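This report concerns only the one structure given below.
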Amino acid sequence: MKPCKRIEIVIETPMAQTLTELLRQAGAPGFTLVPEVRGAGDRGERRADELSGDSSNCLVLIACDDQAMVDTILEAVRPLLSRSGGICLVSEAQWLRH
Amino acid sequence: MKPCKRIEIVIETPMAQTLTELLRQAGAPGFTLVPEVRGAGDRGERRADELSGDSSNCLVLIACDDQAMVDTILEAVRPLLSRSGGICLVSEAQWLRH
Amino acid sequence: MKPCKRIEIVIETPMAQTLTELLRQAGAPGFTLVPEVRGAGDRGERRADELSGDSSNCLVLIACDDQAMVDTILEAVRPLLSRSGGICLVSEAQWLRH
Amino acid sequence: MSVFLSNLGSPPLLFFFLGVIAVVVRSDLEIPAQAAKFLSLYLLFAIGFKGGVALAESNIDGGVLLTLLVAVAMSALVPVYTFFLLKKRLSTADAAAIAATYGSVSAVTFVTAAGYLDMQGVAWSGYLVAAMALMESPAIIMGIVLYKRYASSDVAVASPFSWRQLLSESLFNASVFLILGSMLIGWITGPAGMSQVEPLVKGLFLGLLCLFLLDMGIVAARRFRDFRQVGAGRHKGQPVSLMVGAALAIPVFNALLGLGAAALLGLSEGDALLLIVLVASGSYIAVPAAMRLALPEANPGTYLTMSLAITFPFNLLLGIPAYHALTRWLL
Amino acid sequence: MSVFLSNLGSPPLLFFFLGVIAVVVRSDLEIPAQAAKFLSLYLLFAIGFKGGVALAESNIDGGVLLTLLVAVAMSALVPVYTFFLLKKRLSTADAAAIAATYGSVSAVTFVTAAGYLDMQGVAWSGYLVAAMALMESPAIIMGIVLYKRYASSDVAVASPFSWRQLLSESLFNASVFLILGSMLIGWITGPAGMSQVEPLVKGLFLGLLCLFLLDMGIVAARRFRDFRQVGAGRHKGQPVSLMVGAALAIPVFNALLGLGAAALLGLSEGDALLLIVLVASGSYIAVPAAMRLALPEANPGTYLTMSLAITFPFNLLLGIPAYHALTRWLL
Amino acid sequence: MSVFLSNLGSPPLLFFFLGVIAVVVRSDLEIPAQAAKFLSLYLLFAIGFKGGVALAESNIDGGVLLTLLVAVAMSALVPVYTFFLLKKRLSTADAAAIAATYGSVSAVTFVTAAGYLDMQGVAWSGYLVAAMALMESPAIIMGIVLYKRYASSDVAVASPFSWRQLLSESLFNASVFLILGSMLIGWITGPAGMSQVEPLVKGLFLGLLCLFLLDMGIVAARRFRDFRQVGAGRHKGQPVSLMVGAALAIPVFNALLGLGAAALLGLSEGDALLLIVLVASGSYIAVPAAMRLALPEANPGTYLTMSLAITFPFNLLLGIPAYHALTRWLL
């Protein structure tokens, strides 16, 4: 077991590809993306019921055991969230090495 | 970055609307809902395979930076969980301000 | 509220049944499974776009308030992850009793 | 005998059993959830539309109205005696949910019976689709009312009662709403409307029913397996044999009731069989959805398993031809 | 008057209203998201293929090319005046997104108009499908260019501009790409190709359109409800009456523009109506998808609600027959 | 030459290329995952049912049984030499998985070949569908057995071997089970059953195949792109040219093997082409699903990419007409 950070990002679906591209460029060790999630926040309800995918969000989870990388990722994500909304949470976890 | 609580609730799909209504009334700042998740617990297996949506769960994530609001939400959710099952976890996180 | 561990596992979909079987045998109190999630990691991108379900992952969440049980679960899961990849994170949470 | 065999030889029924076998041999075959849900919406849409067009083409007289009235009455009556019979051995919530389940109807059993009649060359009237659509709601209302009346007072306090929600759940429930709405549109647009949607509504019907029943076979067999593995949690201590017995006895008893009503109403052979099947079948889509909201205390492992995993295959396989033989013999 | 009534009596339109009613009475009816998305891909595939085969069967002369050119020009022109009219009262981003929305087209409105013409027995030409496919992109490009030109400089810095991405979003956007691609394949394979896919592309078209419009009715009514509940967040302070007014005035004004163009081009009755409908309709699939990427500052609660929840039902219900009456009267 | 051109002009194949182009130009076009999965179940259901009805209508003699036996034998034989050829340059797990892949078959390649024959007006027999269904399992079993026999002992310890699981994965695998089950039901219900489901099973087949191949084109092109970007992780150091070479050489070599078998069996032109296509094609649904469970050490980036992104388009585009020309020339 190795301590690490769990970064959790909720962002709208049309931005998902931009986000994963950012993560790749930042050098993130990996990510898991849950598509088609619903939600509500400052910009009202997002019902995930539109044909363009425009009203659905996705939830992205990144485990990262390198604090410098965590900071890089957060800095890369911040302007995206400012422009198109969403949230980003960071918490502590233990990573099971296998 | 601002400290906050992550509230995570798993509840059965038919109760999802009741739950989001409760959250709205309690004044929660927002939520993210992952639909159509499977599970197992005290009341046996839930395979998410029925036409009425009766056997699927949903997973709701709420980030909240106001402890009083957290308590309000938990008090509102508790009776729902007692009646129809499910779980509620609370953990610590840092909220990236953008 | 009772302290507990949140175990989070990302594993590929074809292994999901093996994993839930392991959890059952280990005596886990329950689990929640988010199907059809995408991801990327050491073994490249998993786009969740194949007919055999071969390129999608699932995300499994287990809340457990018994440390011995947590260890049993982690030991059971470890060889699965070694063989077919994926990640396992453990974090702290409070379990709302209802 | 031959009716049983010809029933067995129909593709939709055989696909139901293929689904059951898939679970028995632990195949990983499954219909994606959203596709299965879309198929079920399609079936309701097609049944409703066809029924509406049939209504527009027939003339609605006193006899028709009387039949509809009797159908509604039976869907409200069946829950009452079912509830009191079961209340002694099950929790009040479970008894009420089972009562609502059997007062209501199974659209797919109805459709299979109608297909069976078509294969046998026996005529039936479109207004029976209206009867089906009207029989869902009264049973739901009765189940909830009985529960509220007989539940111990502390539970009743925990779950505030709302008539508004009750009506909305029983009348505007997705399945009830879609079938009623499609029937209305079929009725308004009549044969001209049908000519526009015929390839979808009629052409594909039996083929898509095969795929839907394949899914139903899988789901029913899974429920049945879960049910036998008397396991952890609420299932513990359920009187399994009582449940299996009830899931077989209730449809047979209700079929006889339906037969009596059909005889009194003087229905034709085909219409009589369809009315019998409506009374004898139990809901596994509309009622469970309503019960999860109104009676979360009831265990779907009980009421849903009974109607989906026992009564449904029983009616499909043995019930329909047996009720038909009986109808022929008596009417 | 009779055109309005006959329009009202078509099953697809009635299913749209059934969807609206489902939301009004708070029914839980909904089409699963992936099934709805598949239906929309099917419609684009079928429209495109049919249009391509029609193109292969017709001869493309100067008149056709001129009409296509005019259609493209209008889809680039409409955003310009829409943008400058709205910029005074809305944010630059919202004005640009609404401008792009109304320059572009609604494939389902087009299809409904084509079905309406078929029911009325009025002929129309396949190359108008090509016009539709060509009208999506210019509007998207114009909207983005106008925004980049008039947005305050600090925003422009925050959002670097990429021509490559702009072209990719406007030309290779899923809807635009599928309809153009299917049209091309229909054109290559011609009537021989059509004979292979006819049952899917033609037979099921109106039936599946009913199910699609049921979903559209649900989504449109939800957006309309959210819109009225002037609530938290960005919605606050939106000039609601301005939005409703604009969502009704823009299509009517654009319809007149389209009518003028049709008159100058000397189009037949059917072709004129379709050109008018293209100009008068607003996009709610391709443009929103492009705007989320290129103009995330714009609020979909504004542009999407206007086109989906107001303009779309308005065109379906009143617009098409009214434009038709006008065309008949003037041409 | 003309066979190549007429093959190119068929809508299903053109939609495959449209999907490829969508990826090349970075369009966001995609078929929702559950819809694509449902389409693939539909295709297996339709192929199986049609094959079963064809079986019921034909008489099964010694020649038919011999052909089936030969087909099964080839599906067990192909993995053996493929494994030993590849084991020198790849890991044992990868070699075994590729071996199983090419011993098994691609249902869509088969269907495309059958459609190609229909277009050319060449007859073929229904029992070849049975051959296809029977060829999936032996290859899976052989692949796993070879791996268990030749893997280094420490790996073998880590992965306990279960015959029960092996049989279940190879025989009751979703695709194998559905096609065998549908064939059985088609065979039981015969032409009477077909008349009930014909609009779905026959009418829509080519149209839905277009949409399915559009999705396949997208997925294949994505795999191919990932494959070229020799990137992080396990992909590193894969001998890319070896893989491309093998993915082209194996089908050609196997086609010659199939041609030889067809000549010895004295098959007709159409039947010979279908047998050749079965031997030459590689699985990308049933085998990968089985391999993920039985051989997780093997890299799907290798075996799946080879069969889906290289062999499949190669067979569709060049293979089928080339094998046909060869068959005509030699038989």
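Going by the order they are written in, the chains are A, B, C, D, E and F; count residues from 1 in each one.
Note that a residue touches a chain if its C-beta (ideal position, glycine included) is under 8 Å from a C-beta of that chain, and two chains touch if they have at least 3 such contacts.
Source: prediction; values computed, not measured.
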Practice prompt. Using the contact definition stated above, find the chains touching both chain B and chain E.
Written response: A, D
Worksheet item: Measuring centre to centre, with centres taken as mean CA positions, what chain is farthest from chain C?
Response: E
Worksheet item: What's the chain with its C-alpha centre farthest out from chain F?
Response: B
Fill in: Copy pair chain A, chain B: interface residue numbering same or different (half cut)
different
Worksheet item: Roughly how far is chain E from chain F, going centre to centre by Cα mean, in whole Å?
Response: 41
Practice prompt. Go ahead and note the Å separation of the Cα centroids belonging to chain A and chain F.
Written response: 38
Worksheet item: What whole-number Å value describes the gap between the mean CA coordinates of chain C and chain F?
Response: 33
Discussion item. If a residue has to touch 2 or more other chains to count, which residues of chain B qualify?
Written reply: 34, 36, 41-42, 48, 79, 82, 91-92
Discussion item. I need the residues of chain E touching at least two other chains; which ones are they?
Written reply: 30, 32-35, 37, 199, 203-204, 289
Worksheet entry | Chains that touch, pairwise | A-B, A-C, A-E, B-C, B-D, C-F, D-E, D-F, E-F
Discussion item. Can you tell me which positions in chain A touch chain C when the two form their complex?
Written reply: 1, 4, 6, 20, 24, 29-35, 61, 63, 91-96, 98
Response to the item:
In the complex, chain B touches chain C at residues 8, 10, 34, 36-42, 48, 57, 59, 74, 77-79, 81-82, 87-92
Worksheet entry | Interface residues, chain E side, partner chain D - complex | 9-11, 14-15, 18, 21-22, 25-35, 199, 203-204, 206-208, 210-211
Worksheet entry | chain C partner contacts - residues on chain F that touch it in the complex | 30, 33, 36-37, 40, 158-159, 218-219, 222, 226, 231-235, 284-286, 288-289, 292-293, 296-297, 299-301, 304
Worksheet item: Across the complex, what residues on chain C touch chain F?
Response: 12, 14-15, 18, 36, 41-45, 47-56, 79, 82-85
